[in-house]
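First subunit A sits with subunit B, and in the next complex the same chain sits with subunit C.
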Partner chain A sequence: MLNYNVVVIGGGPAGLAAAIEAKKNGVDNILVIERDRELGGILQQCIHNGFGLHEFKEELTGPEYAERFIVELRNMGIEYKLDTMVLDMNQNKTISAINSTDGFMNIQAKAIVLAMGCRERTRGAISIPGARPAGVFTAGTAQRFVNMEGYMVGKKVVILGSGDIGLIMARRMTLEGAQVQAVAELMPFSGGLTRNIVQCLDDYGIPLLLSHTITEIKGRDRVEGIVIAQVDEKFKPIPGTEKEFECDTLLLSVGLIPENELSVQAGVDMDRITSGPIVNEAMETNIEGVFACGNVVHVHDLVDFVTAESRRAGASAAKYVNNELKKEGTTLKTEGKNGVRYIVPQVVRPENIDKTLDLFMRVDNVYHNVEMVVKIDGKEVKRMKKRHVAPGEMESVKIKKEDLSCADGSKIEVYLEKEACLKKEVYLEKEGA
Partner chain B sequence: MKKHELVCIVCPMGCRLDVIEEKEKYTVLGNKCPRGKDYGVKELTNPTRVVTSTVKIEGGLLNRIPVKTNGDIPKDKVFECMKLLDKIQLKAPVKAGDIVLKNIFNTGIDVVTSRSM
Partner chain C sequence: MYDVAVIGAGIAGTFIARELTKYDLKIVLIDKDTDISNGTTKANSAIVHAGYDAKDGTLKGLLNAKGNAMYDKVCTELDVPFKRIGSFVIATNEEEMESVRDLYERGIKNNIPNMKILTEEEVKEMEPNLSKDIIGALYAPTAGIVSPWELSVALAENAGDNGCEIRLETEVTDMKKEDDKFVIDTNHGEIEAKYIFNCAGVYADKINEMVGEKTFEIVPTRGQYNILDKSVGSLVNHVIFQAPTKSGKGVLVAPTVHGNLLVGPDAEGLDDREALETTSERIGFIREKSRKTTDKIDFRKTITSFSGLRAKPSTGDFIIEESKDASGFINVAGIESPGLSAAPAIAEYAIDIFRNINTDLKDNENFNPTRKPVIRFMELSDEEKAEIIKKDSRYGTIICRCENITEGEIVDCINRNAGGKTVDAIKRRVRPGMGRCQGGFCGPRVMEILARELKEDIKNIVKDSRKSYILTEETKQA
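So, the complex of A and B:
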């Protein structure tokens, strides 16, 4: 049996930040377990710029952002194991893992940080009809092939889903000489950041078809064409609107799901909306001493937010190991309503808050000119005007510690209130110059 | 007077800009930071972009290494820049920030590696 104070599962941005922060908070004997051949996680394949604006006040590429943390981790002498797969963990915080040099390992941890990230939804998850020819990739897989392994995945491409990875791959494939025919999006708005629509689609004249979906994939051995149709409000294809695009490749950018097989097996309580663990203000799950951070908790749109959240998890894990995390006192619950789809953390113990509590949330639709209201125990504590909110852009709210002094079991509610009229609008309609 | 509606791409905030053009003078509205103002004017007069891509590398962990322009280059030179990158072959080890191509198109901008390998 190997013994560590803190074991971090996952060596991506979340795991790196958590491990470094745990060390900075006075804990030694930390292990990071990574299943890939190097640290850095998915950042290593995200070679585009735009990372680190909050964290470093400069625009870095994914590998650059990762390298800064990898170098810091190494300089601190934090131990890590690559090419290592965690097979199982349990409520006693015993982990079993395997790799080709150490063989099978049993590892006992005082605290565990879950930082396994997320994975892409595939063709199976959205049930596209038709044959199963070669040439259908998730956008992230294509990104890894093109940016790391050096393989081009196709010449004529159609993309389904307008998440950020799909948009960024539209530009990447175009730069590498492919012809991107169209990006189809089921919803009446894009799931990606608006700046990505501008610099990845508009720059290269790639059409974005909102309220459209794929009704057929043509081809037997290799994709030969894609049929795209418009959908009605119930997302049902409208007959007669079908258009065929000749192509050899289909990229799917249809959502990310937190990767929680290990967590569920160990008995971690999950949130049905985020598909991640239910966590408290310390990013601790229902299993004492098991923390979670990054995309394994909820899918973030900026890595800077992942880093901030993971630092909280790492610092909390250190506090837990040093017996400084407070369990007594009141416990509050958060609840998103009226347009607010979910809030992380779901549980708050004011005793552990230093100055302010940060709540992170996503809205369920595109809204213009609304007010975001925070109520604790029925009493309004905060109100913010929002010109524009969208599901693709995470919102956050800071609450002062003194506002949190209320009875055990109280609710912190966040919801949207209409200013003039709560209008669901299709954005991007009027944009583009 | 002409009004242009733009989305700022400088940072993930994605501010919605109104750029008012009057006798070759530009007024930017809606930006939350000074960089948005610069972007609004530049986008209408001389649009530029940062290019990120990969080049071949020998003897590294991978066959490709990511590179970027260390500043923005004219938008119409992006594909030309990609062509230059096609011809490059590096040898490991390299450090992040090593110069791959110096002063491309006389812009004063270099192409540099964006990771160590």
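So, the complex of A and C:
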């Protein structure tokens, strides 16, 4: 049995930041377990820039951003194992893992940080009908092939889904000489950052077809064509609007799902909306001493936010190991409603808050000129004007510690007052999307 | 010159090829595809039916129950996953109960063991997640689930180990009967054989017509399915059929041997023998139909949808007989459901015909019924896992993170007889890409291993058919 104070599962940006922060908070004997061949996670295949604007006030590429943390981790002497897969984890914080050099390992941890990231939704998950030829890739798999392995996956491309990876791959494929015919998006708005729509589609004249979906994939050996149709308000294809695009490749950017198979199997309670663990202000799950951070908790739009969240998890894990995390005191629950889809953390223990509590949330639609209201135990404590909110851009709220002094079981509610809000159609016109 | 050529490496062809290796014969197994089991065998309900369904007096009736009983032995010999979990035929009203009782009666005639008609309470006790509307069911404990392509691959491998030659990507384009032999034209030249087994699935009528008059026709009949994540695989414990009614047969809901949930199929007669497309209309139809069995299926957990083609014969029954126009040519055609269940008995029946024609057969004294065991890493104990990694470090590298498949397992399945040569072939054998990420993470790694083991350029690694290329060229900076 190997023994560690903190074991971090996942060596991507979340795991790296958590491990470094745990060390900075006075804990030694930390292990990072990474299943891939290198540290850095998916950042290693994100060779475009735009990372680190919040964190470093400069624009880095994914590998550059990762490198800063990898160097820091190494300099601190934090141990890590690559090509290592965790097979099992239990409530006693015993982990079994394998790799080809150490073989089968049993590892006992005092605290565990879950940082496994997320995976992409697939063609099967969204049931795109038609043939099953080669040439259908998730945008991330294509990104790995093109950016890391050095191979092109096609010459004439259609993309479904306007999430950030889809948008970025539209540009990347274009720069590599492929012809990107269109990006189709089921929703009436893009799921990606506005800057990516401008820089990846508009700059290259790639059309974005909102409220559209794929109704058929053609070609029995390799993709030969994609049929795209417009959808109605219930997302059903409108007959007669079908248009066939001749192409050899379909890239899918249709959503990310936190990878929590290990968490679920260990008995971590999950949030149905985020598909991640239910966590408290310390990023601790229902299993004492098991923390979670990054995309395994909820899908973030910027790695900078992942880093910030993971630092909290790492610091909390260190506190836990040093018996400094307070368990007693009142517990509040957070609840998003009326336009707010979810809030992280879901549970708050005011005892552990130093000065302010940060809540992170996503809205369920595009709204203009709304007010975001926070109520604690029925009492309004904050009200903010928002000119523009969208599901693709995470919102956050700071709450002062003194506002949290209320009874056990009280609720922190966040909602949108939408009287002044403009309909999404107007938004689309205005943005010219 | 071969003694026997088996055309078609599906479940019937591979069973027959393996059965033939028990004799001292020079045998060749031919298939047009890049892999064993690539036709009807790769896409069906994966059920070993108990055998109450077929009418007595038919070949289906004769061979289903017989084949079912043979499953334990062959799956043990070949180390293939098979679970005898039993089946239900559920009824939601008196008319359907009537049809359940008819099936029971038919089952008695077909000698199906231990069947029972369950009361509403018994159904609920054994299957708590089923619809509240169910008033009773036929229970047949001998029904089972199997991995059809793993079985077919294992049969081919064992046939290969016992001396059968396997020629894939070999398409029969024409055939003529000469005095004492058949000359088969293929895309890879001529093949001569004294005897032919026609196991060509949806093309069996075309192959038959190369040497004789048209005596039957195959109507490819498409069925579409949904396959769901393992997290919902234990929704039901048995294979759940709906009672047949005037409006059709209903759909089934069943766990798979690997713990997923399978829902389907519908039935759609087609002209096209390659039409493996799915359609949103039909997928919607099977989902809707499944609600009669249970409304607890969370279709958001769908991993993939697929369709298969049944080789529906115009005669309504299996066609297993020597051609009247060409002696030595044995048709094994129209093997639609319950073909998988009956397959071991179909092979035995077909071999009996062959032995009547060819009376001086000698036994193959070196026949070995077992194959080298397959290491399924995740099924090992912790100690065994530690041990195997020590012996071969490739078992310490996980390639597929959804199904936890190691590099060792992938390399092994490539290098066996009838080994996998394409991404889909590897997926069928050891499951990387079968999980919830559908190969998003492991796909590039599997291609890399295939390229290395086959000593091929990675650009030549295909998904399934030779034309299903994955990579087009190197990137500009590569």
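Quick note on the criterion: the second predicted complex is superposed on the first by the 421 of 433 C-alpha atoms of A that agree within 3 Å, B and C clash if a C-alpha of one lies under 4 Å from a C-alpha of the other, contacts with A are read in each partner's own complex, and residues count from 1 in each chain.
Here is the rule we use: a contact is a pair of C-beta atoms (placed from the backbone, for glycine too) under 8 Å apart; a residue touches a chain by one contact, two chains touch by 3 or more.
Predicted model only: the values in this text are computed from it and were never measured.
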item	value
Subunit B versus subunit C as contact partner of A:E38, first or second or both or neither	first
Subunit B versus subunit C as contact partner of A:L193, first or second or both or neither	first
First (subunit B), second (subunit C), both or neither touched by A:G124	second
Which of subunit B and subunit C A:V153 touches, first, second, both or neither	second
Partner chain in contact with A:E58 - subunit B first, subunit C second, else both or neither	neither
Partner chain in contact with A:S96 - subunit B first, subunit C second, else both or neither	second
Which superposed partner A:H48 touches (first subunit B, second subunit C, both, neither)	first
Doubly contacted residues of subunit A, that is, touched by subunit B and again by subunit C	146, 149-150, 176
Residues on subunit B engaged by subunit A in the complex (per definition of touch)	4-12, 14, 16, 19, 43-44, 49-54, 56, 61-64, 66, 68, 75, 78-79, 82, 96, 114-116
Touching residues on subunit A, where the partner in the complex is subunit B	37-38, 44, 47-50, 53, 59-61, 63-64, 66-67, 146-150, 175-176, 193-195, 197-199, 203, 301-302, 388, 393, 430-433
Subunit C residues touching subunit A - in the complex, by the definition given at the top	226-227, 231, 274, 276-280, 283, 300, 302-306, 378, 382, 385-386, 389-390, 393-398, 401-402, 404, 407, 436-441, 443-444, 458-459, 462-465, 467-478
Residue ranges of subunit A touching subunit C (in the complex, touch as defined)	35, 83, 85, 87, 96, 98-104, 106, 119-120, 122-125, 127, 129-135, 138, 140-141, 144-146, 149-155, 176-177, 215-216, 220-222, 248, 261, 264
